[in-house]
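Chain nomenclature is as follows: A, B, C and D, assigned in order of appearance, with residue numbering initiated at 1 for each chain independently.
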Amino acid sequence: MRILKSIFAHPSGRIGGAIVLVYLVIALCGAFGLTPHDPLMQYRIDRLHGPSASYWMGTDLFGRDVLSRLMQGVGQSFTVAFFSVASATIVGTVLGLTAAWYGKRWDTVLMRLMDVLLAFPAILLALLVVTIVGPGTWTSVAAIGIVYTPIFTRVVRGPALSLKTRDFVDAARTFGSSRTYILTRHLLLNLVAPLTVQVTLALAWALLTEAGLSFLGLGTQPPAASLGLMLSDSRNLMEQAPWLLAFPALAIMLSILGFNLLGDALRDILDPKTRRA
Amino acid sequence: ATLRMAWAQDATGLDPHKQTAFSSLRLLELIYEPLVRLDADLKIVPGIAQSWEFSADGKELTFKLDPKAKFQNGDAVTSADVKASFERILDEQTGAANRANYLSIEGIEAPDAGTVVFKLKQPDAPILTAMTDTNSSIVPASEIAAGTIGTKAVGSGPFKLERWDPNSKEVLVANKDWAGGPTGVEGIEISVLPDESAILAAMRTGQVDFALLNDPLIATLVPNEAKLQLNRAPVLAYHVLQLNPARKPMNELAVRQAISCAVDRQAVLDTASLGEGKVTGPLTMPVYASDPDSLFCYKRDVEKAKKLMADAGFADGFTATVIAATGEPPTAASEAQVLQSQLAEIGVKLDIKMMELNVYVDTWLKGDFDMAVALNGGRPDPYTMYNRYWTKNGNLQQVSNFADDTLDTLLQQGRAETDPDKRKVIFADFEKQLAEKSPWVWLYTSYGYTAQQKNVQGFVPMPTGSLYSLGKVTLQQ
Amino acid sequence: MNYLIRRLAAFPLVLIGVSVVVFVAIRLVPGDSITAMLGTEAGLLTPQQRQSLATYFGIDQPWIVQYWRWFTGLFSGDLGISVTYGKPVLTVILERFPLTLELALLSMLIALAIGVPAGVYAATRNERPADLGVRIVAMIGQSTPSFVVGLILIYLLSVGFGVLPTMGAFTPLWQDPLQNLSQMILPAFTLGCAFAASVTRVSRSAMLDVLSDDYVRTARAKGVPERKVIWRHALPNALVPVVTLSGIEFGYLLGGAVIVEQIFALPGLGRMVLEAILQRDYALVQGAVLFIAFNFMIVNLLVDLAYAVLDPRIRLEGR
Amino acid sequence: MKPILSVRDLRVSFGRAPNAKEVVHGVSFDLGVGEVLAIVGESGSGKSVTALSTNRLIDYAGGRIASGSIELLRADGSVADITTASAQELTKIRGAEIGVIFQEPMTSLNPVLTIGAQIEEAFRLHRGLTGKQAKAAAREALERVRIPDAERRLSATPDQLSGGMLQRVMIAMALACNPRLLIADEPTTALDVTVQAQIMALLSELRRETGMSMIFISHDIGLVAGIADRVMVMQDGRAVEQGKLGQILDDPQHSYTRHLLHAVPHFSAGEAVRADAKRAGEAPAKPALAVDDLVVRFPLKRGWLSRPFGAVHAVDGVGFDLLPGETLAIVGESGSGKSTTARAVLGLVSPTRGAFAVDERTASPGQSRLPVQMVFQNPYASLNPRLNVEQILAEPVIAAGQRVDATVLVRMRKLLKQVGLPEDSLSRYPHQFSGGQRQRLCIARALMLNPSVVVLDEAVSALDVSVQARVLELLVDLQREYGLAYLFISHDMAVVERIAHRVAVMFAGQIVEIGDAKSVLSNPQHPYTKKLISAVPTIERRNQRFELDTRQVPSLVRPIGFEPPAARWLERGDDHKVRAEA
């Protein structure tokens, strides 16, 4: 509640929050079929129609309504972004926390393992995962999740190491608090701030990566729409039907802009170091 | 002058006997020559061989070689080279792509340097067409012995490969010794521009004289440019929805026919390819092709389809998965989506599964699919084109999963028959049967596109997609 | 020195990890070099033919044997032979690397040249209209997929102005610097855009942090003019996060920028690996990924060394 | 004679127009040439803001001079109004005519530039020196502030010098161009007492040498007494009283001045120790905590295989006992091993050697769960900001494996009341409390489980003087009520005097003197103790000349296997022994 209020009070938080909120609504509408047209319906006579009263954003090669597909695509892109970032966050946090807490060999082994993943070119990693398992929503989720896990592990490990030396953790140890208690209450709870910020930024990046994967034909599968797929499908139609490229591109930019703005605001709000008068 | 050329996909290797990829053949056919070739009307014309003839019993095929033919290393092309080349193709160790077409060869004789005689176990009319294939090119016997085929390109064609940076560029220079006479340009520089819209951009700015295009969406933009010209040639390759008759419920004839009736082929063509192409039956070569409208259910008939479904006990439809390769052809995903929407009308629910090309090929070869959207290569001869799928011991039986006595018999007859008119009758029947039994749903053939600056002269588009005529192309200043 | 040695000592471990992962992963992908070469025609091969092709491609042995062969080859600098290029893998990679390196360096240069001044400027105008302007532009830059930028650039240039740098045939820098730069500038700019946007944001926030530090106040108290306060006293202290970011991005760019290379038809590492995967050129994929990982680690190491140069408080111990 | 600085009705506010918040409400004062004006007052009273307005540095902190005038008598005899001066003019004045020294020497120097570069810059800017000349001038400046080996230090970066040294560098820098006015904003707060004494000595000496004027800001009246000519007392952005030093100290007019003078614990050399000593007379009770031969070493490693080559002997053979209801204070300078001793007792570091007994229960090293609790120095860092008070107080209970039930809640409320926190605190979060209140929370938390020993590591150092006094009172009350034994760690001798029954002096990891508080403080025996006590500023020592002593603390790094010689103790009274110098 307090957070929501501060977001609202923060100028870029307000804009970013509003954008993200609008997108969530769109995504939900898309997911529950509350679109002006059936996103899969091919109106054959109206193929490649420019924006008009009945098709606000025009139609595509198949005569499908771009707006409806865009709404569905937002849902799809957000699903991929959300689940991939969520899984990366959970796995990365657990790994980062334990690496910081147990230190020594476990830390070394884990961090070297993360190095292996990090040293692996991200798009290739995603590519390999996708080619092995076959493309699809959940493969994209797994691929992007794997790419982001080492980043979250690092994001968590750093602050966790310094939190570990904070006085309240020492205090907890003098009480003889259990490991789980310390890890969850003292470390994890205090990592919420950097994690939230990282999550919003990662969401933005995940949207871009999803678009990139779909662009290479490795992401969302037709006939379902995702923003990246719509972009990649329309690039060779850029000249005949520029709206096919323009609207999804704008949609992607705006959503990433929203997440970035929100992330900036959250950093200002949650991170006392950058909190300024 | 040097012709600056661009294509999106580069060759994958230099061994003319092994490389089957379209992109590889386009390069290799400029360097290597087969014994005979096809012209724009798919008629057989001289290549390295000046003339040829079948013996009366059809079991001996004799070639006279062109005495001017020379390899790029300066050696003349002799019957020994032809013999060695075909022995290499026939050797199982080689893994040559065309071997299956030559199984009727019993022996090869080279009575003199300019004559080659193929002894056949049985009459084999299509063997001559098979020999037009770049995959049956003649290579120097010396290079075979040295084991350098595939690493060094030494052919007898119009151009010499001077430099190859895979996936980046090729430099070809004119072969002064080419038996076909002097080439029109001094050389060809080929750039690999993986993005076809970039190829178009490069042509617009005059950086590229000549380009190979794949994507009809890009090709249709070319005529809008004053300086550019688009060449279209109908090709033999066909777009098809392969059903797997080994899987339920496609094992039911009625279900397959229902699917065939429910598909609006023209709509698929219009949407996926912007209408760039022609609806086709199984036979795509003009000589043999029948009028599509005469084939089974080539007029869309949803009511009939529904009835057929009901007859087969699938009034409520069923769910199946259709596989397609990403970007190969570029229209695959679109075709799948149009088909999906059309079949939905008779209750057939398709799940589309896009696959990376190799994964697709792997799955396809195992016959591990309900349905597949495919672009299958065509051959000038119906037997060579289809024996692999529809004869009982065809090599790709596990892909077609459909063995049928009538089809088998018709193909065997067509193979042995050397009279062209009788062959036409046999294959017309074959085509009709195939369309009716509907193991696959043939959709359309598209065009092979090349785009060129208007000052490029003398290019002849071929139904095989061959760029062989680049040997005679000139550049007007 | 010690630190360097210790860091370098960890290299082989990570590289072995990378090599095992890539080795297994690429072989888990269905299809092999044979289907990659023959496509659907591969179905026409007899088992015997298939076997001999497998021997030719060196994929006839069990994985362990293949790995061991490849691994022992590493020690003599032999990464295997690429079947696509018919050349030693290392040669192929080294042919592609200069372009990738140049592209990465150029885009970083562009990013830093735009990003740092913009970030510094925004920080000194904190929360004023100029700051907001810079931030919004930066965010838009950051949120535009690079392929959109690339496609639009190409379209506008070719249709609008009828000019386009030569595509495809790549001219190395040492052959014709002008030609080379004209080829590289568009892709570098495309990559540099988003990169510059990130640099702007990071340098702005780092600069804001630093400007409120005590020593900046000290410098002002000394009577140092504002311009010098910013560039000499504050900026060097704000560079650490910028270096971190640049290092990460640069490291990724050294792995090749697949999409941009594809659009601009640059024969770089990224496309090479992508194509090697599609063509199941196992040796090349393994070698290239190893090479990329190695670069990435070198860059990381350089970044750490750069920290120590930039900020004497950072000791090169542990991490 | 004209004053060098004349401030009239200065008003300073922060923030933009509608939400602007005025924090200095009309301050006026004059500063004569060669005079030292001290500004005292509690944290947040506007001392720094006032001082930083005199050279308009406040602009950069987001502040704005709303009204008033600041007239500076410049070297050429002209008078400049700082409030209206142009940016160019100001850069000429700053550094050249007004020098500033800040509170935190560690953060006030640019970490990435060498000391030399930073000092040279002043000469370059205001004297136009370049190259060798600038370097020579910088070296001279360093020598002037008595930095040994100045030549070599020029190329050092700030992280390579100790806090005391850095403050000297700051002074050298501020004085580089012989400014006529020096602003010293709490220049010694971050430093050890002994180092503080050295800095103060340096400042008064330099002032005598150059005849400059000075504004000296401090919240420590004792310190002010040593250097100021005049004093201005500030409260809530107003100057509530100003006058001559003697007048303010001896005859304060304003109630707030009196309060300030009263609240500050003045060190009086053992005169003010607590009267309820535990060891007098009758047979001593069983010790609540006994520590014997405690040794803590941190190995130092280097090389390929991280071979240990030596160790930091952080604590070396420390032993003492502590009776119920008694306070043992451990004093000593930074790095002498005080905290490490405490942490070892609490099981937060594992000792290399040594034995503890709490309530006669012996514990092996490293084992916690003894009835020992701790209160840390920084009340902001020792409470998890994400937990509310109820959760914070419940933690020791949960850790002990007990349920948080009604009786626990009752105890929470009782303790909160006892430490003087409002009833409704349970549902609040740490950030909703002031520093003093937080420290009370920490104390309450430490008492949740009825410990017999409480370790207080600099528990009141971070608090404002008047808050400090109240917390000390609270501690004494609680000690009486629960019979707690306190291990009280501090470097503030005045505070120690008020709370300790016994005092242990640590130097370089060892106890060099231990005994009855009164005896140790009034009659120090060990040379280090003597130095420590003589360095404590008090209001009695007015305008005192501090001795300059530039010796460094000995290094604690010893080669591997090194064992210090066994301690020889000399008895100096009933309960007072001192370590014999080797």
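Note that contacts are C-beta pairs under 8 Å (C-beta built on N, C-alpha and C of every residue); 3 or more make two chains touch, one makes a residue touch a chain.
By chain, UniProt protein names: A = Diguanylate cyclase; C = Glutathione ABC transporter permease GsiC; D = ABC transporter ATP-binding protein.
The structure presented is a predicted model; accordingly, all values stated were derived computationally and were not measured.
Peer 1: What chains touch chain A (Diguanylate cyclase) and also chain D?
Peer 2: For chain A (Diguanylate cyclase) paired with chain D, the chains in contact with each are C, in label order.
Peer 1: Any chance you could check whether B-C or C-D wins on number of contacting C-beta pairs?
Peer 2: Most C-beta pairs in contact, of the two: B-C.
Peer 1: Mind checking the centre-to-centre distance between chain B and chain C? Centres are C-alpha means, answer in whole Å.
Peer 2: Chain centres of chain B and chain C, defined by C-alpha means, are spaced 39 Å apart.
Peer 1: Just curious, how far off is chain D from chain B if you go by their C-alpha centres, in Å?
Peer 2: It comes to 87 Å between the two C-alpha centres.
Peer 1: Rounded to the nearest whole Å, what is the centre-to-centre distance of chain C and chain D, using the mean of the C-alpha atoms as each centre?
Peer 2: Their C-alpha centroids are separated by 49 Å.
Peer 1: How big is the gap, in whole Å, between where the Cα atoms of chain A (Diguanylate cyclase) centre and where those of chain B centre?
Peer 2: Those two chain centres are 44 Å apart.
Peer 1: Indicate the residues of chain C shared as contacts by at least two other chains.
Peer 2: Within chain C, the residues that touch at least two other chains are 29, 151, 155.
Peer 1: Using the touch definition from the top, which residues of chain B touch two or more other chains?
Peer 2: 197, 356, 359
Peer 1: Touching two or more other chains, which residues of chain A (Diguanylate cyclase) qualify?
Peer 2: Correct list: 131, 235, 238-239.
Peer 1: Tell me, which pairs of chains are in touch?
Peer 2: Pairwise, the chains that meet the contact rule are A-B, A-C, A-D, B-C, C-D.
Peer 1: Show me the residue ranges of chain D that touch chain C in the complex, using the header's touch definition.
Peer 2: Going through chain D, the ones touching chain C are 55, 57, 60-61, 87, 90-96, 98-100, 102, 104, 107-113, 121-122, 125-126, 157, 159-160, 170, 173-174, 302-304.
Peer 1: Under the stated contact criterion, what part of chain A (Diguanylate cyclase) meets chain D in this complex?
Peer 2: 166-168, 170-178, 181, 185-186, 189-190, 192, 277
Peer 1: So in the complex, the part of chain B that touches chain A (Diguanylate cyclase) is made up of which residues?
Peer 2: So the residues of chain B in touch with chain A (Diguanylate cyclase) come to 196-197, 215, 217-218, 220-221, 267, 270-272, 326-327, 330, 333-334, 336-338, 340-341, 352-356, 359.
Peer 1: Applying the document's contact rule, which stretches of chain C touch chain D when the two form their complex?
Peer 2: The touching residues are 2, 5-6, 211, 213-226, 233, 236-237, 310-313.
Peer 1: Please output the residues of chain C touching chain A (Diguanylate cyclase) within their complex, sorted ascending.
Peer 2: For this pair, the touching residues of chain C are 10, 13-14, 17-18, 21-22, 25-26, 28-29, 135, 139-140, 142-145, 147-148, 151, 155, 201, 205, 208-209, 212, 252, 255-256, 258-259, 270, 273-274, 277, 289, 292-294, 296-297, 319.
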